[in-house]
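All remarks here apply to the structure that follows.
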């Protein structure tokens, strides 16, 4: 009986991190700020929010609240590109997605730096990666209390990321 | 201080006769570590069950103290909102699911076979499996709590807060799976108790000679069969909503938030009666013994139990008076909630009449029962206030309800339970709990309880809502909350005193003979603690209080084997001997099946496929559990008599 | 002889020898309500019929709230469901035979009919797999899909557990070790099988016809 | 500006018709129940006190097993009859009170739509003429003597509107619409709280109801219908620039400016409210600054993010917010 409990504790230590709610809003995951940041991130910044289910679900709230679904729909893509597939034009790692959201991209992606607070951008980054199944199913959000938009993020299989060269700005696709 | 009564000598003293030694060898638990896990003797499993539920009671109590510490002062920051939500949810879930209902079944699995003159429960291995499943469920919930994954949506986890969108992570999943564990255990214990009570009574103990406590357990077990499935369905639907995206509770896709409340409270209200009816049995047993006379109105008491059981299923909507359900429907439930007070009133009047027309032996068990008349009656009356729709709109989900539920649960269940421990402790361990410490324990508990919970009525009326982790200083609630917290501390002291009393008594308490209280029911006709096979010879019963009534022919049963676990199966109504049956031998497989079931349940929190690959070990373990041992079967076939 | 009549005779069999009641010669196993196994099975039946009843009530509760029912476009196809109902009803025949053989303590009869029962269980488990496909809705499409899958899933759990129980019992009847009590198990297993079949009838009506009216 | 301390959140001191009806029922029920409680406790004490003492060895009296005890039975019969009579009185009381509550006259009632969010209240004053409708948050102003119909809707989880001094509570349930009818009979500020557990900050989700004479109500409503005033002094104007340039516009609305997001409370007339953060902190410059800087410190878990503004921007923003009368 004791071994079971010890095993449960060790195996589930990730549980502490996964379930952490905010005592205070944790500082942004990494120090990548400032507009001069290059478009394609060199350093693989590690987004601590990706281990926290509460932060990812907050990211899902902002995704809808800040009308990301206006262009990207529920991740399937509309005016904006699809976010749930394996094609990433500007990099699939957290830092690149952070740069995309914060400083915008050609062909209509607005810059949200200064508008959306930094930690909320990092939560959005974590959620966007969960759209293509990059996060483990115990952390990715399940369905919302809204019209069902297909499989909940937690049930999606992990897409194998295939980088795609960025199209030239201004080129009509 | 044993009662020198000739009739006891005949049964009570098995030490010398050879038959008793054979019985002891047959019914005792196998030795060693594997033997410890293979034990299926109903008294061994029941003692472990009682200790486990009392450990959860203490854990729940510590959580309660943490809550009272945080609420003692306005704007306190001892624990933050997130930790407070986990603490009060764990307090509620522990007390309701891991303590209140299971402890009543634990005590019953010890006492029922002894009171009906049987050597064991009907399905001893199923009883062991139910205990292990319960324990592993409790361990899972507390492991989750220690890993910051404790549930935080309240002990009744209303959707959509407990739904997939507003409770991310695995917290509510652990809560819902804990429901699966405890309800599975409760349902199996109910089946074990019903079959034992209906089929294994000693010859002559017809239904109208069964002790009132056994009636209470029979009624409770039948209620379990029809109440617990509702919460299993509700929690299964919640888990599928959260994990595989079904839409039972999603208003946008056809679901409904009130569906959860209907399903939960259809179980919820009968559940509080599952907690309340067994103590009615304790009180009947204790009042009869300490008033030195049978309880007044045996048929009236049984009718009252059965009426309470049926009515309990008809009033769940009084938990939902503040929702937008139609007003006429609510008034029906007001009427039903008022009517259920009648059977309880009849029982209280019968007990008062018994005390009035008897001769009172003032001992601690009776003190705890007398507290019932003060605390439960006040709780019942505040319940009548909450039953009225219009009053409930002011009192619902306020601290008035917190006061009411603690008055009925502690007054109706915990006080009689402590009385039952003081009353049957000599039978469990052979030693009498100390009277002086017992009185200190009682008065500290009684005073501490009232100081802690009576002010909450007033706080509720002053508008303090339930489940708030803090409150502004200028609301004027600080003083009464401080008083309540001091009361809670007093309760803690009295429970510590109880533990000290138990610890001291186990080592050098006064030796109690078979019948220290001079009681009338069968469990007092055997030694304390009872031998492994309970009765050296199964008695034949001729009345409701066998030890108080003159002995009649025939006195006992012969022809039962002492070398094999044989029990006498009797008919349901009149308990006439019907046939002999061999019970299964101790086996490790119930424990292993429980382990496999735990792996399946916990695995299914993380992936639905766990149900598929998890059910293979469960199937295998259950098959090994069922598969007969060739040597035992050959022995049985040799002495087999077809019907 | 009806069960109550049997009880009375058994009671009189216990011989009175002075102060003692000698039960040494009484039978060591019994069928029907005389056996505790019957009461255990009835307890299980009470629990599961309550679960089924509550799920059916949930079905109609959700249906009463829905503007259009079934919320996905098509109700379930009738073919596989009706076929399975026929197979299940037919499977009561070998069960009854097995029960009769068990009560006659006829080992050969029990073995034969239990094997026939197992063939039936293979048949309806296979058909049940097709039924899930014919529901025309996913469990996560809407509340209708969820409750229909829950109903069918709950019943399928009973089919699987009952098939496994019967398989273990059938193998035991062939390999032994055998004793009187095993015949009681066969008789009770048949009783539980009746419950699984008869509880399917209302569920069938709700799943397949509930969406058509 | 009355500080929250004098607010009444007390079911026993009714200031509205509905709470008064329930208060009467409460007094009657309390009296009856106290009488029954005292009767039973006294009966128990008398029964136990007058009965002779015994010990474990005393021979039990089993005479009752032979024949029924008529005398005791008659007393229990009368006691049960009395209990049933008491229950019928309670039932009658409840039915009459419910009828009285349902018969609140609703002529020219104020129509408010209240939407519960995770941990604040959004109130929309409806009107036949849509252009006269306006939105406010966390504080309701209602005319004394005129009935108010509050339509209740939840946007996320279940909340419950409970202003004890005015009326009983009613749940706000997602996917369902409920209505609460109440009327304030005395002027004053009445405090209410969310009464259904709704998550991390359930404890700090309060609501103030200002019952004011009808004339003041009309004046207040007229002011609420106006868009935000143009800021006059430089600091306020700079504050508005800061408001429109940073993350405030992502969640809040100030009619008369380009900020039209409805995620957070409507701030058009923030300065006309006594409290901020769902009735929890007084609406003065100090609390406003602390709240804007780090809301998580005051209400951990709340959806408003921390705003790291340079000090002079913050002071300008505060100056602007204080002009939003």
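Order of writing sets the chain letters: A, B, C and D. Residues in each chain are counted from 1.
Note that in this section a contact is a pair of C-beta atoms (placed from the backbone, for glycine too) under 8 Å apart; a residue touches a chain by one contact, two chains touch by 3 or more.
What you are looking at is a predicted structure, and each value in this text was computed from that prediction instead of being measured.
The most centrally placed chain, judged by C-alpha centroids, is B.
Computed centre separation for the pair subunit B/subunit D is 37 angstrom, with centres defined by C-alpha atoms. Put simply, the C-alpha centre of subunit C and that of subunit D have 52 angstrom between them. Separation between the centroids of subunit A and subunit B, computed from CA atoms only, is 48 Å. Among the residues of subunit B, those in touch with two or more other chains are 80, 82, 160, 165-166, 241, 244-245, 247, 250-253, 255-256. Of all residues in subunit A, those that touch two or more other chains are 21-23, 143, 145, 148, 151-152. Among all residues of subunit C, those that touch two or more other chains are 140-142. Contacts between chains form some other arrangement here, matching none of path, ring, star or all-to-all. Those residues of subunit B that touch subunit D in the complex are listed here as 1, 3, 80-82, 85, 153-154, 158, 160-161, 165-166, 251-252, 255-258, 291-294, 296-297, 300, 322-324, 327, 331, 334-335, 338-339, 341-342, 345-346, 348-350, 352-353, 355-362, 370, 373-374, 377-378, 381-382, 384-385, 387-398, 461-463, 465-472, 474-476, 515-518, 520, 543-545, 548-549. Listing the residues of subunit A that touch subunit C in their complex gives 143, 148, 151-152. Those residues of subunit B that touch subunit A in the shared complex are 80, 82, 136, 139-140, 143-144, 146-149, 160, 163-166, 168-171, 241-245, 247, 250-253, 595, 606-607. Listed in rising order, the residues of subunit B touching subunit C in the complex are 122-123, 126, 187, 190-191, 194-195, 198-200, 203, 225-226, 228-230, 232-233, 236-237, 240-241, 244-248, 250, 253-256, 259, 262-263, 266, 537, 540, 553-560, 568-569, 571-572, 574, 576-582, 619, 623, 626-630, 633-634, 636-637, 639-643. Within the complex formed with subunit A, the residues of subunit C that make contact are 140-142.
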